[in-house]
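Here chain A shows up in two complexes: once beside chain B, once beside chain C.
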Partner chain A sequence: MANKTQYRQIPTSESQIKKRAKMNPLFRSEEITLCQMFIQPEAAYTSVSELGETGAVQFRDLNTEVNAFQRKFVSEVRRCDEMQRKIRYVEAELKKDGVKIRDCQEVPRAPNPREIIDLEAKLEKTENEIMELSQNAINLKTNYLELIELRHVLKKTQGFFYDENVISTEAMRNNMTQEDATGQGANQGRGRLGFIAGTIQRERVPAFERMLWRISRGNVFLRQAEMDETLEDPETGNTLYKTVFVAFFQGEELKNRIKKVCTGFHASLYPCPSANDEREEMLKGVLTRLEDLNMVLNQTQDHRSRVLHNVSKELPRWSIMVKKMKAIYHTMNLFNMDVTKKCLIGECWVPVLDLHKVQKALSDGSAAVGSTIPSFLNVIETNETKPTFNRTNKFTRGFQNLIDAYGVASYQEVNPALYTIITFPFLFGIMFGDLGHGFIMFAFGFWMVSGERKLGAKKSNNEIWNIFFGGRYIILLMGIFSMYTGFTYNDVFSKSMNIFGSKWRINYNESTIMSNPLLQLDPSSNDLMEGEIYPWGLDPIWQLGTNKIIFLNSYKMKLSIIFGVVHMIFGVCMSTVNHNFFRRRVYILLEFLPQIIFLVLLFAYMVFMMFFKWVLYNPKAIPPHSPGCAPSVLIMFINMMLFKKSPPLHGCNEYMFTDQELLQKIFVFIGLLCIPWMLLGKPLYIMCTRKNNNKVHNGHNGDVNQAMEMTPETPEELAPAAHSESHGHEEEPLSEIFIHQAIHTIEYVLSTVSHTASYLRLWALSLAHAQLSEVLWNMVLALGLKSDDPIKGPIMITIMFAAWACFTLAILVMMEGLSAFLHTLRLHWVEFMSKFYEGLGYVFQPFSFKLILDETDE
Partner chain B sequence: MRFCGPKLSLCGLIISVWGIIQLLLMGVFYYIHSVALIEDLPIEEHYHTAEEFYAAADRAYRQNALNCWIAALIYVVTLAISTWQFYANQRASSVN
Partner chain C sequence: MGALPFIIFTAIFGVIGIVLPIVAPKGPNRGIVQCVLILTGATCWLFWLCCYMAQMNPLIGPKLHQNTILIMAREWGNQLPVNPEPHH
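What follows is the complex of A and B.
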């Protein structure tokens, strides 16, 4: 019965789903419910597989107290591990042979039980085949190596024996008859001298030599020659450098000792006949055997590469299938077994919009195994904090990541990412304002966006590239906005464009111009065209002015404060959406209202005064409104806060309008009143509601009890929920609430000042950027432009342009861009989001094959 | 024949394209006596008469316009070399 009543909550009707889907998915995280699913054991595997394909469900572990080895599907997971091991082995073999593994075009589904057995058998077979092949190859190669070494030994010893003959005959000449010149004498000599031939690794030769010298007290004669051919270790595939040696000695005793040394040094000994003819014959035999072996080796290599190529086509598919399978069993390990062992019970978080997809996946899963009893899904009420899930697309993902990097939004909290899409590139543009640099950034972003399918397909391990590519839409928008602000600042690589024609005229006569290094243009005279202003942005004449920076500083500082205050007011206003949504409407009165009043009366008033000053004073007006009389807004603001006065200049007014002083005093007074309002409002309200709540609560409990007697089924679930909710509040003592609120209030009041000042970074970075680009132009590119020589000139321009271009990219676009990006990020995280964002949620991590496969790829 | 790596040739390619576009435009701006570029002219700080100054400035503007266009032509050459190297590198990498 209870199940049935809850079942109704799933929004199955089309209109309901449409209504929910219509809400902007970025506005706040999606509604998520806790569900219980009951699955028939035989349908479990296919159902979970279907769910993995949809990727809309986050399972909760119901067996937290059970360790990984005691779970139900351990043996299946082990099987998957074993298969993965085999796949890794085959992969390693493929890599060893340099066979490329092609990505598979279509991702296969998880294998069904029959396919699993097939797959396992195939993997087993492949592994055995490859193992056998490599074992055979190793054996063959060992043989081959030995033969090669023998060949070398035979060839090299030729020389040794020849030398030996000479030596021994010379030695014999002294004490033996001189009739037999070579042949017999040598034979006799050899009869007494024994020898051992073999090969040894080259790095061991010196030690080997010394050892032989020591054990024989210098009675062993060692000849050696380096092999010019490099050999390959059959087992590891490493290259080997070896040396052929022959040790001559006298006596059986010494022979044994030498043999021991040889085994100690891992020298391989080869039988080597002493007679020349025998050696030659042996060499011939070795050569023919080598040829045969070579052929066999080639054939095995061919066979091996054929097998590997066949495997390489199948391997990615298998790998994905096994990964999916393993993920399924891991998920099934999170499930609980019903007491009767008739069904598996799983708990999961599901976005409400995806409920129908999940139900379809479950029914598909049951249908796949022909199960007669359907699996079903129950929505259950819970007080636990739900995961945060923002459905993003490729455009919004980058912006959402910026926000998530600060902290994942609390469940259903207002999501700043939506506004960040515009405010982030805009604030960035204010700092990075240059049409040229903006265009470079835009071109880079556009290239990434237009080729995103191609670029995204080749997965790169370059972390920096991945960051850029992930933020391609941010870069694109940042480029566009920088171009816009650059156009407004009239800056293209620090040069101005005179598109609409400067509205200033020079009325000085020739002699004045010739005799004065600097001249001033007076806006009150007809130097400035009457009633005309440059239609958009900065008049290009400022580029030639020496007071350009002074003018721009004042302008950009005011601009930053204006944007900052607007941004912050917007942030504070967003908190009403949260208060409203979470049914804490009273906090709009207790928190939002004093906050916004404080901000508006003090800081928005300052912004208003900036505009008012711009409007009120103009160069052609008479004294109270002439430029000289305009008061500094900053000084005025400080005086307002401190109730001070500064004496005006002669003929000017201290205030811009009548009753300004009174108005300011009222504003400051109301602003100060807001502080105790913020400080005490919320704690006092909580104190009052608790007193009332206790009374109401008792009565309410009684009601429920009465109701329960009459209709026992329905409210049973409601009662504990209400209980725990009120308990949750009571756990926090009142003193702590007061302290929290005090901290919160102090933080807010101080932050209005510090955050407003913090927005000045917009001006500071914009100034730095403009100055740096001007310096770069004057120091580098101008060098090329100023050379007078008709031959040297173009070459200088070419070289200097390349240098200037590189510096522009490295310093102005990359470095300055990064710094402006970080400052923008800070303005959003600290100055904007602190006004309303909690960020205490945890992210919704659906069980999705796509995510699992992407993760393991990296 | 390859003498530039793939990265160097790509860098050369980009700078050449950028150089051609910007230097062509700058040449045009010098040609039409753009005031914004007056600080980058090879002229003296001081002249005795206005006519002298105008003459010098005119000459310098023309000279610089020409210089910029010649530099753009040099970049056409480097563009050709970098393109050739770039494709040579690509072919080499696709063969391997």
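What follows is the complex of A and C.
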């Protein structure tokens, strides 16, 4: 690996770029190069910011051995974190007050290093202001709460004292003699009966009561009343339920004890004069103070909401700016410092088409800080696997996602997404063929596509909706193709349209019709118009026939096999494009050729026989070409594989054409020959090249690396060496190669059979869909249509139509659509892509602000 | 008669699958548009062809209910033969 850092001129000539841009963007992933960029430290921040706006480079981590906490720009990242924390705090405050945060219209750029300090100061100021406001509000609210409680205490105690007057006069009478003895008057005795008033949380009352009873041995008299107003805890905002209590007691000692219990139970005590007048006086005072406080509270609330509204305008901008800043510093942490500490070195993957954009971004970045030394970009040769980058647009993205869900394409291999755009909706249409259901799907897709800007702007968290919306173009195309196939099947909600005029006629006379409940039309007679064929789609008469399933099965099964075989042959042919592009042309001979011969001679031959049978056997012909003599293509195929014969009926031929038997034997023989060809060709070839390599290429290790470039100038002889190097086959023992190839061959041979059979799902799903739709019509809607009562009829048809429409949407369009979608997906992933697709790549993930902001939004 | 629909439909899908890709507008997505048109033409033509050929020489005829036959005769303007005619 001595020449790993070999520099190459960047291909920036206009014609070269134009030529590359002309290529079909979806055919294979874009050419990517590994680049090294040298940036002046002062220009680094602005350059990376420009690159983030461009979104065209994927940086590689050059400090993998360095701990995340020991990197160069950790303190800056921390600062960003702190700013984000402040933003989150302000956001939470906004949410608490229900202030909406508006999305900003234009996305701001990352702040300059100079602006960062401003931004920080602004955030600091805002946070402090809001925190101070909150603290003040809490203090005021605590005050307010106390006053409210006091008001309640004063009001409620009114009643207590009135009752108490009555009780204590009675008690006084009982104690009269005692008190006389001690020389104190009745009034004095009443005066010694002290009390404490306050409020306590409602759930604590029973325990509080019990505790008072215990400490005083029943000598405390407690009165309580629930507060009907709910209060708010100023700190947490929770609602509080409180009870007013007054505890009457005798003696100073008991008073102290009760006070202790009160603090223990977090009861708040309020001064409460025992005289009625004083209490009323105090209540008045409290009420005026409450009014004042209310005004102050309103004013603070106004001020707070003004401050928050102002912040809410700025906050989204700040949030985006901080996110960008953080992303920039994270990226700069991936860079390496030059030994002389004079420049930062970064390594990145860049699509060749975007190299000029990257260079412009770098020069813009340098210019922004007025740096005199320009940053520069070097292209490096590398042996490493490059990332896969398919430039998609809104139309192709959905299809590319279908492919990527299976596995990301290896670097620059043929991308099946391009073909999926049509084959996917088309195979879906074969299964979902119904003009009515197709139209519903098309209408849904069209609605999403035509309003995509409006619908896309509304960001939704509904996952199901997002899936539908992401696949809107797939749904649109699926709808269109279902309408085409539905028209061809002549199936609209299980009914047919007689557009071109049925080619079948009734030639039975009335008496025959009246005497036979079931009659079959005869294609060999005048029942079928001579030489006329229903020009597009199935003749509508089949929909009415009781034996339509027999006819449809024969037609749809053949259809499935025909499309299956064509699809698979197409897939196998795609592998030549890969073999050719990756300079392993010899594999076209060793792998592609036996595969395609095997498939064509056996399965394409069967397809040919299907068409031949349609042409050859004629209802009006005499044996051996009469309908009765027509052999089953399937039985014929099985006989061909097993070298068996089935005796023909009298007057018929076993074979459709002369020498068919000989031809079939030759086909099977060649087909069988292809198996050892596939099995041994590649391993033997590798064995031979290795021997040669060892002899000839002993001193030429450097060439191997150069050959990896796969530039058109690479000499042909180096290609095999390049291949064996790139796949690491150099180390793989031969026995393993043989085993791999054996597995591969068995898999291919078996798969041709199983995959062909697998395409029969096209028929099965289509049949199920048509039958379900017919059953729904007959069991639901027909019930409504058939009632002829003038009053009940309209009601029935309304109800039945509603039921039919619901079932049609829920079951036939949604559920059947989903099932047909999944089967189509499988046909592409397994049956089609297994013929050529490797899917071992990894996705190109550019450093792009747009992507970062979208991600954090979700 | 049998050849006319074949010519018409082959021509229609030929235009979609061969002529339109040639005249497709220039631009970055020309390749995709071409590929889409060619595949549409090819698949739709083959699908139409299969349906057409399956009905070219039907080996069986539809089996119909009495009522269906009578309604067909009335609605599709198919005069029933008046005289008992030897059938089969």
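Following the convention adopted for this analysis, the second predicted complex is superposed on the first by the 786 of 858 C-alpha atoms of A that agree within 3 Å, B and C clash if a C-alpha of one lies under 4 Å from a C-alpha of the other, contacts with A are read in each partner's own complex, and residues count from 1 in each chain.
Quick note on the criterion: a residue touches a chain if its C-beta (ideal position, glycine included) is under 8 Å from a C-beta of that chain, and two chains touch if they have at least 3 such contacts.
Just so you know, these numbers come straight off a predicted model, no measurement behind them.
Of the two partner chains placed by superposition, A:761 touches none, neither chain B nor chain C.
Applying the stated contact rule after C-alpha superposition, one finds that A:514 touches each of chain B and chain C. Once the two complexes are overlaid on the shared chain, A:419 sits against chain C while remaining clear of chain B.
In the superposition on chain A, contact of A:495 is made with chain B only, not with chain C.
Applying the stated contact rule after C-alpha superposition, one finds that A:790 touches chain B and leaves chain C untouched. In the superposed model, A:326 lies in contact with neither chain B nor chain C.
Of the two partners chain B and chain C, more residues of chain A are touched by C.
Judged by the touch definition given at the top, the superposed model places A:544 against both chain B and chain C. Looking at the shared chain after the overlay, A:682 reaches neither chain B nor chain C. Applying the stated contact rule after C-alpha superposition, one finds that A:806 touches chain B and leaves chain C untouched. The intersection of chain A residues touching chain B with those touching chain C, taken from the two complexes, comprises 498, 510, 513-514, 544.
Chain C meets chain A in the complex at residues 1-2, 5, 8-9, 28-29, 31-32, 35-36, 39-40, 43-44, 46-48, 50-66, 68-70, 72-73, 76, 78, 80-85, 87-88.
Residues of chain A touching chain C in their complex: 21, 23-27, 393, 396, 418-419, 421-423, 426, 430, 484-485, 488-489, 498, 501-502, 504-514, 516-523, 525, 527-528, 531-539, 541-542, 544-548, 550-551, 554-555, 558-559, 562-563, 566, 611, 614-615, 617-619, 627, 630.
Contact residues of chain B toward chain A in the complex are 15, 18-19, 22-23, 34-42, 48-50, 60, 63-64, 66-68, 70-71, 73-75. Residue ranges on chain A touching chain B, taken from their complex, read 495-498, 510, 513-514, 540, 543-544, 778, 781-782, 784-788, 790, 793-795, 797-798, 801-802, 805-806.
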